[in-house]
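What follows is chain A paired twice: with chain B in the first complex and chain C in the second.
The block that comes next holds the complex of A and B.
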């Protein structure tokens, strides 16, 4: 029932993105983001339908409890994230929680989530027990929050206000979704080994699901690392005649555009106004923020660290734009990008990056 | 020796009393794998494993299905007391005259 809806949404989204691509080169990033969302939805559907038996390792209760504790720790870290925004840390923790949930779903043979598949009496009672405990735990958390809100001072209320749009709220939603699986993984005893042999088609379905899960989880991480590693793409220098030319000088407007990253990407523009007279080159105006700017950015944050120009003793004038780029996922990664344009006393561009 | 109870029947309405059974012996006698037995009585093969390990108490319906399959009365398969080996139960009366 859901597949036609998702396909329709994908087709409409891809169509809109293609139209956008004709307007902006960054439409490709929009298209990739839409494809990624569709991939996540398709992965969720496939994983839900393919029941994979946990191997020897995941069948052990001790291992499952370790994964549950990691997931709980991630939720606690998410609560501790400073309120006020959905930064890269929250996204990273969300990815990790998604991975934990996939691992736990497999470890429990998806007992808590596989509604279309008939469960036997033990599995049914296990699932019901998981949901019952999850309900009381969530009700307890909600009740505790209500009590805190009632008795809290203004500072705590301010924290709660911002928490509703940041990490703590997301942690609560994630818990509401994942808690039954986590509880089932916690209480189910060690599984009986070995698992019965599976049909070839089932083995392939499990492999496809595993590849889709890995792709969904790794793509954002790879794109974030790509911001760090992929070489910057500098466009050809655009050169326009300047409308203003002091007597005895020639002037031009120069524009250097540089793009960095793939999917998680940003475009930087350095605009300069320069004049030269055979003795020396000089800048026409002082530089301001509009001369050095990130014109577009997708899933990265950008901060300008330098926007300056200087004249050299040999008559050359150099313009520099330096910026830091942080991917929204793995935001502890940072890349320093420097865009330079140097014009000599005869109006030749000496060096560009 | 009684094995420590697991948590699979928590809240299932099967109570907290341990029910002992001879499913593992009967299955071995009939040369059935856990998977085949599970298929025959319509449960997951893990459930058979948990039953054999005493970590799950079956519903009355599942107990009756197992009894039908093994062609034995329910009390020959399940007991509230630890069960003696079948050979002992069979030959002890003969040995005692």
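The block that comes next holds the complex of A and C.
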């Protein structure tokens, strides 16, 4: 059973589902997030029934140690991530760690976790040695960290307090799940025995499991890239004349929705009421600073770069809102979105974006 | 149930008490709990021939398998234990009426000690639970005595006494921390034409593992004198400066005991000076866990000038 993979997949799924609290209860993105969590669980169920041999390349100790070092490096980077909860960087590192662990689980033939098949004496001894080392390594790191931060002063304690809600704690949880596998991968010698022949059905099961694991790992990355690449979906400008208007003026409500991304998405709604009297146009609502925000965002962060309303000398009122949208995974990607509207003194909409 | 399993149950209960958010303060009994856990840990260690600490080559096949099984379970249990500690620290923080969030765990000596004991004792405890045999049934009971001069039955008690002794000695040797005093002016609180503020004084011994002298009171000042704002609200209802004849200038301040070392006697006095300065001197007697066998006095004093300025305390 690939228990570490299962748990990591579930952590990633739950993290993705919980990281953003602005999800509308019935939105498509919420549905996709739930489907993704279900996919992670299904992947976990499938892979636990499949055992795969490491193959020649992963059977080499040098390769395995390289993967372990990459995983350790990811944990260290996670510890170095500044406070701020489950940020995009942590999720990305978590995905990478999951990938490393899938590789290591295969490289060690999952001897570090309980298996449906009995282990031979060598494998059992290897697993037991791995667990003993893992216990004292993790207990030593955690104990030493607790002691040093406690006695190093209030600043160090404050760091530990912050660490419990950010990357370092997640790194600890990951190690608490994966460390035995990592240690077994580190200490196991080169495999010289060829892998036993596999039945056709088993080969297919391994392929299905591999596809599901790849889908679980890659779909968040693709969704994050989609924020950058998928064209923005903007609705037509809707215009409704207001039944009640100030004396001598006419008013209309303008509405337009713009969506960025698929699954990892942000939705912006321009919803404003503008009145005009032939001399100048003015807004009633919908052009304030508080309107410079996304109406919904799922697994992305939105930062405002411009929020301005201007009344021109010719009587035109215009509103400009520019924001950067960063996916929570691969957060170095960014998409710029501009929402803009200008209404002249006769009620004509000069420009919308 | 065999006696090793009973001991395990007792250890789990005591550890839960140590890590529990209730009671919010152990009132100095924490060191005794730690001594009990160490003593029972030594007992179980002896009973298991210290197998969790021994090399594989020193164990036979069955013993090695049992030990390795214990380590596998301990690895999983350790994660659960840490999670429990973090959650209880949060709950304890809420019960204290504070919202420090995760700092509650990082700042609590109780959780530090509980975590260290968890790491050190867990494999032995799990091995004992899974095997639960008495020393008489052990096949190699006589081969693992590394301290033959000390009777086996005495070692757990010695370990407990050693813990208390070291704790008490540390209490003696560790210098007390510096006095920290904070005065927060209260603009809405004034008295007899003076300005008042909340004063918090604290001095720690052993960084929270010893004892803490925490005092909070209200002080007022009017440019000519400083006085204890709490005391002036007392039954006398009179401006208490200069001190009333026959009424000793003893301020009624709260002193908190720590989790691990009890504070036996406490006193707090006010000293008024002709310059209008008020000096608060608080002191407490901190005892070790062995019935006051090792004890020490910690003292904290600060002075507030007639203009509300806090002079350096000692």
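As a working rule, the second predicted complex is superposed on the first by the 270 of 353 C-alpha atoms of A that agree within 3 Å, B and C clash if a C-alpha of one lies under 4 Å from a C-alpha of the other, contacts with A are read in each partner's own complex, and residues count from 1 in each chain.
Operating definition for what follows: contacts are C-beta pairs under 8 Å (C-beta built on N, C-alpha and C of every residue); 3 or more make two chains touch, one makes a residue touch a chain.
The shown structure was predicted, so the numbers you read here are calculated from the model rather than taken from an experiment.
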* Asked: Where does A:122 make contact in the superposed view: on chain B (first), on chain C (second), on both, or on neither?
  -> first
* Pick one for A:148: touches chain B only (first), chain C only (second), both, or neither. => neither
* chain B or chain C: which reaches more residues on chain A? -> C
* To do: In the overlay, answer first, second, both or neither for which of chain B and chain C A:162 touches.
  => second
* After lining up the shared chain so the two structures overlap, which partner does A:132 touch, if you call chain B first and chain C second: first, second, both or neither? -> both
* To do: Please work out whether A:229 is in contact with chain B alone, chain C alone, both, or neither, and reply first, second, both or neither.
  => neither
* To do: Could you say whether A:176 touches chain B, chain C, both of them, or neither, answering first, second, both or neither?
  => second
* To do: Once the structures are superposed on A, label A:308 by its partner contacts, choosing first (chain B), second (chain C), both or neither.
  => neither
* **Common ground on chain A, meaning residues reached by chain C in one complex and by chain B in the other** => 128-129, 132
* Structure fact -> So, in the complex, the side of chain A touching chain B is made of residues 109, 119-123, 125-126, 128-129, 132, 187-189, 191-192, 195-196
* Structure fact -> In the complex, chain A touches chain C at residues 128-129, 131-132, 134-135, 138-140, 142-143, 146-147, 149-151, 157-165, 172-173, 176-177, 179-180
* Asked: How about chain B: which of its residues touch chain A in the complex?
  -> 6-14, 33-35, 42-50, 52-53, 55-56, 58-59, 61-62
* Structure fact -> Counting only contacts in the complex, chain C reaches chain A at residues 56, 64-65, 68, 71-72, 74-75, 78-79, 82, 86, 100-107, 109, 112, 115-116, 119-120, 123, 207
